[in-house]
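The following blocks contain the structures, represented as structure tokens.
Shared chain: chain A. Partners: chain B in the first complex, chain C in the second.
This part shows the complex of A and B:
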């Protein structure tokens, strides 16, 4: 059993504070993804858990033991770095065995453990090679192997897939997830890629400017974003945001007037958020616009529809339809259940 | 760019050949001179082809002479001095560079600049105070006295600092997580990763140590402590008679050999250390 508790953790470099008090409670075996744009403090947070960065304020507990002042090696963690950080002058075997040698384990046990993990990751054929003679994907697996042989209580991943090409990334994504589930080790995973975050996480922590904007399962966050930032960051293609004004009878939107659906109870100047996949084919009157651009994805297409008085084109995902041409006028009908309203000042969701 | 113009080829080859000749000719004269006897070298014109006295000359160099120390002693002294200087310089500078790069301590940059500034002070500038210190430590006429004052090296520290800066920080972090203490990290990761640089520096420092002239001249008065390079000078000034050119040339020839051997045997690592790095 290994749980992690992060309580009111803060980090400052000299006078600039980068993390402003984050609380996360992680259960045993959970796969937590820290996601956010660059500079949001996600790596810093991970490194504080690892012990590579000092904690300015707050407490990190692993298994109810405060680890703030423990050396990384005493925290029972293993980390996979973005550039893998394999020792270039050691063979794959030595890379994986190095930590175990320092733990002063008997030689036979080291060999057994390394062999076992190498088989698990299918790297047993190049145990004698140097990292420089391996491909990116192989290096990635060696880095994971080095983490696994330590039999840690917690895995920490710092953007481990960002140096791989797109196809390999999808493959490794599945492998890491399966591996983690089989080993049942509590994991914190940092990424800026929201697809990675959605597909891998048991729970997501969306970070912005050193604050946890929202914590929840991927679907919770997708269905119920609490702020405009989270709504825009999670989901691909990103959510459309349109300025609007809701009155008792109407919704004034992009210079057009639509009837207010009965279930919308909020009033005032707001930001309407609609995901591209939440438009429906319908004869009823919707927002009018002109198709500006079409992106064909194969199974579906993305329409970029511009409206007068709206600075950004509205992105709509719909089934492949050869009849739609650039320049056509388009009738956009919202899925009434999937409309999100945000306060333009506080960016908070209103409902 | 591929060019095939005979004139360019001719000119560039001539320039190279002239250059090589300029360098090789004095060495050739040296080799020739060392194979003749004293008498032949006083006659004009100087011989351009080797004679048959090499063995005799060599034998007389190894015997105790009234004009100098036997050559095997001076070469041995030089060897000890050069090795002590190069090994000492490398160990000290590699450690100080490690401290400067990997540890945060008060006045870190101050110390770095202090070391860096000494780059501007060659041995000759500080030679009198250094002599005083060495004399007070009773290290005159000893291997310690010959090598210690030359060991501290800003150049090597600076070079190792640059090398260490190219080692990614993640390696240090990974080894911390693996449980390596700083010195373990130093010996298991930093040193192996800079071994080509160490080898390159060793070559340079060995030659530097071997060619020391002024310092050994100052602090050795006991002929048993003379080094090969300074013994050449001693032979020139020795006695009232004519300089023994054939012996001097042979000594110079022998004094040249160890640096040449070091360069030849370490050439591969030397070039690798100066050019690429597998990182």
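This part shows the complex of A and C:
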């Protein structure tokens, strides 16, 4: 069993504070993804858990033991770096055995463990090679092997897939997830890629400017974002944000007046958020606009529809439809259950 | 693929490389040729008459125990200087690499000796170790060590090695610290997570990774010890006592300009030139191959 508890953790570099008190509780075997735009502090947070950065304030506990002052090697962690950080002057075997030798394990056991992990990751054929003679995907697996072979209590991943090409990334994504589930090791994974975050995480932590904007399962966050930032960050293509005003009878959007659906109880000048996939085919009167651009994705298409008085075109995802042409006028009908309203000042969700 | 069409006129490329070629001819090819020619001559001290003697000057050197001793001495001297200056530089670089606050000041201070002229460096150490006035001599006396490099030949050798090594530490330091900085930080972190302490890390990760630099510096340092230490030796011991600090390059000067055996001295410098060429070839061969890791 290994759990991680992060309590009111803070980090400052001299006078600038970069992490402003984050609390996360991680259960045994859970796959936690820290996601956020660059500079949000996700890597810093991970490195504080690893012991590579000092903790300015707050507590990190692994298995109920405070590890703030422990050296990285004493925390029972293993880490996979973005650039893999393989030792270039050692063979794959020595790379994986390096940590085990330092644990002073008997030679036979080291050999057995490395063999086992190499088979698991299908790298047993190039144990004698140097990292420079491996492809990106193979290096990535060696880096994973080096982490697994130590039998750590916690895996830490720092954007491990961002140096791979798109196809390999999708493949490795599933492999890592399967591996983690089989080994049942508590994992913290950092990424800026929201698709990676959605597909891999048991629970997501969306970070913004050193604050945890929202913590929850991917679907919870997708269905129920608490702030405009989270709503825009999670989900692809990103959610549309349209300025609007809700009165007792109407919703005013981009100079057009629509009838207020009965279940919408909020009032005032707000930001309406609608995901591209949450428009419906309907004959009822919706928002009128002009198709400006069409992106064909194969199974579906993306329409970029511009409305007068609305600066950004509205993105709509719909089934492939050859009849829609650029320049057509388009009737946009919202899925009434999937409309989100945000306060334009606080960016918080209002309902 | 280089395109020829860039220069239509045929003389422009020659014109552009001419300054470099003229400098090389004037300051290297021509004097080297002169030395080579002179090494085959037997001249009288006033340059009034000369006789072409083929390899006699070289044969004489080969049979001269003084010269062979100087050869062995130079070997010892250069190995001592290279290893002393490189190990100190490596030690300082390893420490400076870990410094976070004021690292700039540290580095600047460590680089200063490189800006000191060799003769000044020699004089500096000469004052420190002066048998009658030197401050270090004074302290050594308190430990019962009687320092007099003007009489004691091994002390004299020790002093020139110390001075020559000290001057080269900065240069080596610069290269070592640059090499250490080029090691990705994540490698060091990965080994820290793997459980290696700073010392183990240094020997198993950092040292192997900077080995190309180490090799490069080894060659550079040996060349330095062979040739650039003239000023230091001239200022401190002038080759004495006896011939105990007379390394090859100093012997060239001594035999040629003091002893006025111009042919023999030229033959010695030709041999030195040959050694440099060999060292350079070795270095290029290995640096080209880039020391595999």
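Some points to look at:
Everything below uses one rule, namely that the second predicted complex is superposed on the first by the 351 of 351 C-alpha atoms of A that agree within 3 Å, B and C clash if a C-alpha of one lies under 4 Å from a C-alpha of the other, contacts with A are read in each partner's own complex, and residues count from 1 in each chain.
Note that in this section a contact is a pair of C-beta atoms (placed from the backbone, for glycine too) under 8 Å apart; a residue touches a chain by one contact, two chains touch by 3 or more.
Predicted, not measured: the structure shown is a model, and the values here were computed from it.
For the composite obtained by superposing both complexes on chain A, the positions of chain B and chain C are in clash. In the superposition on chain A, A:50 makes contact with both chain B and chain C. By the touch criterion defined above, A:151 lies against neither chain B nor chain C after alignment on the C-alpha atoms of chain A. In the superposition on chain A, contact of A:181 is made with neither chain B nor chain C. When the two complexes are overlaid on their common chain A, residue A:103 makes contact with chain B and with chain C alike. Of the two partner chains placed by superposition, A:267 touches none, neither chain B nor chain C. When the two complexes are overlaid on their common chain A, residue A:73 makes contact with chain B and with chain C alike.
The contact surfaces that chain B and chain C form on chain A in the two complexes overlap at residues 50-52, 71-73, 77-79, 81-83, 85, 87-89, 98-99, 102-103, 132, 146, 150. Residue ranges of chain A in contact with chain B, taken from their complex: 50-52, 71-73, 77-79, 81-89, 98-99, 102-103, 132, 146, 150.
Against chain A, the residues of chain C that register as touching in their complex are 184, 186-187, 189-196, 200, 204-205, 208-209, 293. Of all residues in chain B, only 168, 170-171, 173-180, 184, 188-189, 192-193, 278-279 touch chain A in the complex they form.
Put simply, chain A touches chain C in their complex at residues 50-52, 71-73, 77-79, 81-83, 85, 87-89, 98-99, 102-103, 130, 132, 146, 150.
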